[in-house]
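Remarks on the structure that follows.
By letter and in written order, the chains are A, B, C and D; residue numbering begins at 1 in each of them.
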Amino acid sequence: MWKFILRRFLVMIPQLFLLSVIVFALAKQMPGDALTGVSMDPRISPERLYELREKAGLNDPWYEQYRRWISGIAQGDFGKSYTHKIPVSEVIAERIWNTVFLALITLILTYLLAIPMGIASGRFNDTWIDKVVTGYNYLGFATPIFIFALIMLFVFGFSLGWFPTGGSVDSKVDAGTFAYYLSKLHHVILPALSTALIATVGTVQYLRNEIIDNKYKDYARTARSKGIPETQIYTRHIFRNSLLPIAAFLGYEITGLVGGTVIIETIFSYPGVGQLFVSSIGLRDFSVVTAIVMMLGFATLLGTLLSDIILSVVDPRIRIE
Amino acid sequence: MVLLKIDDLKVHYPIRGGVFKTISDYIRAVDGVSFELKEGETYGLVGESGSGKSTIGKAILKLINMTSGRIVFNGQDLSKFSFGQMKPFRQDIQMIFQDPYSSLNPRKRVADIIAEPLRNYQCLTVGEEKKCVQNYLDKVGLNPDSMYKYPHEFSGGQRQRIGIARALTLKPKLIIADEPVSALDVSVQAQVLNFLQDLQKEFKLTYLFIGHDLGVIRHMCDKIGVMYRGRLVEEGISEEIYENPQHIYTKRLIAAIPELNPERRAQKTELRKKIAKEYEQLYPEYFDEHGRAYDLKSISNTHRVAMP
Amino acid sequence: MEKPILQIENLTTSFKIKEKYYPAVDHVSFSVFENEIVAVVGESGCGKSALALSIMRLHNHQRTKIEGEIKYKERDLVDFSERQMNQVRGKEIGIIFQEPLTALNPLMTVGDQIEENLTFHTKLSKEKRRLRTIELLTQVGIPYPTRTYDQFPHELSGGMRQRVMISIAIACNPSLVIADEPTTALDVTIQVQILELLKSIQKDTKMGIILITHDLSVVAEVADRIIVMYAGQVVEIGTVKQIFANPLHPYTRSLLKSIPSQVTNKKRLHVIDGMVPSIVNMNRERCRFSPRIPWISRNAHEESPDLHEVAPEHLVRCTCYKHFYFKGS
Amino acid sequence: MKADAVKNVQLADRSPSGIKIIWQEIKKDRLALGSFYFLLIFLASVYIASFMIDQKAIARVDIFSIYLMPSDAHLLGTDYAGRDILGQLIFGTSNSFTISLCITILTALMGLCAGLIAGYFGGIVDNVIMRVIDFIMSLPSTMMIIVFVTVVPKFTVTNFIFIMSIFLWTGKARLIRSKTLAERELEYVQASQTLGTPHWKIILYHILPNISSVIIVNFTLNLAGNIGLETALTFLGFGLPESTPSLGTLISYARNPDVLENKWWIWLPAAAIILVLMLSINFIGHALKRSADARQRRG
């Protein structure tokens, strides 16, 4: 197993390198660079500009620039934001915890919804409860998150007014108090729930099929032949075997969430990284955009890594090589 | 006349291990096997699962890449050909597969299945092709009308016969039968075996018959090679192998054949006990320090045994 | 005469196919005594596996109907509730399945899977259970029982896995073990070992064994009595000597003749014409084997023959077996 | 014997004519059949209408009729520039559907090529293709698409389709590869090889028909998914240019809280159409899935 994990880590290195090259190439393609603001200034002559560019290293060959850029990133230096006038790392740091918090709550809600639903409809397949869950799945599969989120915002945010329609925390409460955390939770519930209600569908479906598959497997029959009561067969054998692959999906789930944050944070005006990303593109603040793509790309790579590792840990067929 | 000569055939698969997936060792599926098939005879390769017997059959047809060795068919060395260059020779060497269910494409009609080789090698008119397909269906005892049906409309035995008809259409010289009856019930198995024998006479076929059922092998084969862990441990005509086995593994295998006469149970059990003991004691004499069987040595004109 | 462990009377197991029930096991009656191996033989689709599962009541309940009597030590299992049945399964009757790899839970250690049986049927402490499991592993001939205890099924060879299956079946000293094709997936040399193992366990425990198999040679090796099944019915019952020395039913005789025997080389094998009738389109009114005996005139058959005794313990479902002859015999 | 019987049933279920079975399965499922007819009629009328209506008239800004409630003149009201919502809906639907269909077809072709080749040949070819797929799959695709869309010098609908396809073919390729791998293990493939059938013929005439049901199911479900994805991106402002109205364009007006809260007629009909479209395609897809998967087949 250790060999497997180590190898998996090693595989990530070229992936990370490739990711950074792509992001760097994209960044180079983006209109404007660190001196774009300056170049607009009519008082600066083209010769002076050239000099400045030379000094900033913008005329160096791309690999030289890449080397400088990547070593900066390795030290946490993503450059300076052109709209916020502060280092990009600081801009992102303000928002990142909001996003992590939102993602965490979403993840918890997703599994809280998925596991009971999947188990119920898999265990009692072809009964009314299964039909209800399957019906819900059909709807969930067919509903894009952004429409569902809009409707949720419209109903619970605007019409009923139960939840705030934007922001991550009430500006009137003091940081650090209990009311502050409560308010944070209050702000995060609606976006998290909107995502979870739709995102859970895939997991429910998978879990259901997995349970149905497992309950007709030969080993379940062996367990029955031992005289184990049916409920115990589920708890001891079938659920265990069906939930393990689900656990391994955790990482992929994170990957999916990263993409979802862009949409969900925009809709709920939630000040997280996703919203920052969209607004930065709008403002053409590309140093921020590059940094976010690089960071979230890293997060997705970590997510798939996590999944592979979990899978290797929980499945003895991989664990013992 | 020697039709097929296999010389020191090796099929090794790398085992990759460690962090960098470097090759740490090889699985020696077939590890230096040599034998000859004379025209018109049936050569049986027998062994337990994982002994490499099926691998040999597939390596001859380039379904599996061989590591080294020579396969000489009709004086032509096949081993140096690529998959594509093998095409002209595939007419002469055909294969019958083990699983009657998966060896026929479920989406094709019987006519298309049997005509597939014809379409690859011969340009026949629709009428000629139909006639040819019906002819071969008749040869394997199936109704010519069944050419318009799909494989799932047939039983296991019938499907296996369709597979045989398909192998026959190019009038091959050699047929490699890879466990052709092991998926079938006894009574159906008898039918297929009878057909194989009839067809051998009619088309002057040479069989390489691969199997694990010692009863079937004895029934079908003139000459038998016993395989163990990728090596031939003994080779000889049927009587030699069954009545006078020399290698300790062959002895054990023969002793394991179930006794059909219930009266002789006790005797058989005694014999097996004796052989099991012998096997343990004599193991180092018949296998080298790596558990590898020695090279074959002739002890008579036809009988060869792996001994140091 | 001693009392049988298991007495099956007119057992009929029907499967639901497109809203109708079709019997896969049709009025089967036989009994199993202590220290006896009863072999149920037949080709695929004859209902022998359905019979094995019916005794344990392991079928899908929604699609299966079981009628008749399965008397286990005087109690009828057909009337048992699931709860009562669970007291029988694993404890009183054990079962060994054909494919030992899929029959074992891939994500559970071998030890845990054997121990489960003890957890539900004994009051042994955890430590005692472990000791008993290791003892069982030793009993079934596993070379390193303590190490195997913590291993997963995929780490063992086919023969070893089947030994584990056997130890699960015998964990609670059942008085009856059903072995459903226990050696079909194994190599010949391993097959011999497993059969020897079953016999030696029986010697110690005096349990009854129902051996379900398609392989007549396996039967000849170990069985005491033989039940030959065809198309859901028992066509012949007898001791192993009776069946092998003097088979009466044409089906039994054909089967025996179609084995490529080890003596006759290159001779044509006997072939049974036609096909096993399918469970759905079967004429249940007539002798079910009659369509496959072309050289006998139809009216020579009694409409639907009963199983009747022709010699002590030897029963045949055929009235005209005396008229049959085989080419070359 | 038992295992063979099961296998027999499974292979037998893959009976000859896939399309016949598929149609039978859809007919058995009333919801799917209804969805099928609905889609047929709905899309036909949308496409016909989009040919008959003058697109320029719809796109014309009319400052006197900004944010009108639904009325006789404008059946579904107007937007911030006084443009008719109904007209935009018709163009939006046909645009969204056409573009999603193009993306689905393109990704299906890419996925088929890569998946079949990787699965059939295995070895190094497979390794290389899979590494590429793994890498693309581990990228945050939504963000990458957005960045590409903003970076690309001349942003057109064709470019959009290509950009989307680059990131969306991988899942399909993986699925097709795994199915091909499984199919390749079956002996009929080896049989064809021994019969002298060239590789490309085996792939196209033997393997492809046998995995076609999976591909069709995946295609349908992907089509629905792509409609969702395209509209979502347009909603964020990174999808179709405003000159090519999409259903997402209409919904994106709802990013303005005032529109979301008070002017439901602008965004709700578009949202409803997306939902209905995706639902009916999904219903058909799930019916197909049942027909492909014998275990779930009804009766």
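Simple rule for what comes next: a residue touches a chain if its C-beta (ideal position, glycine included) is under 8 Å from a C-beta of that chain, and two chains touch if they have at least 3 such contacts.
Please read these numbers as outputs of a predicted model, since none were measured by experiment.
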Of A-C and B-C, the pair with more C-beta contacts is B-C
Greatest centre-to-centre gap (Cα means) from subunit B is with chain A
Per the C-alpha means, the centres of subunit A and subunit B lie apart by a whole-Å value of 55
CA centroids of subunit B and subunit C: separation to the nearest Å works out as 31
Between the Cα centroids of subunit B and subunit D the separation in whole angstrom comes to 48
Flagged in subunit D as touching 2+ other chains are 1, 4
Touching two or more other chains in subunit A are residues none
So subunit C residues touching two or more other chains come to 44, 99, 214
Subunit A partner, complex, touching residues on subunit C are 56, 58, 82-83, 85-91, 94-95, 97, 99, 102-108, 113, 116-117, 120-121, 152, 154-155, 165, 168-169
Per the touch rule above, subunit B residues touching subunit C in the complex are 48-49, 155, 185-191, 193-194, 197, 212-216, 218-220, 238, 242, 252-253, 255-263, 265, 268-269, 272
In the complex, subunit A touches subunit C at residues 217-219, 221-230, 232, 236-237, 240-241, 244, 314-317, 320
Residue positions on subunit C within touch of subunit B in the complex are 43-44, 158, 187-192, 196, 214-218, 220-221, 223, 240-241, 244, 254-255, 258-262, 264-266, 268-272, 275
Seen from subunit A, its contact residues with subunit D in the complex are 15, 18-19, 22, 26, 29-30, 138-139, 141-147, 150-151, 153-154, 158-159, 165, 212, 255, 258-260, 262-263, 266-267, 277-278, 281-282, 289, 292-293, 296-297, 299-301, 303-304
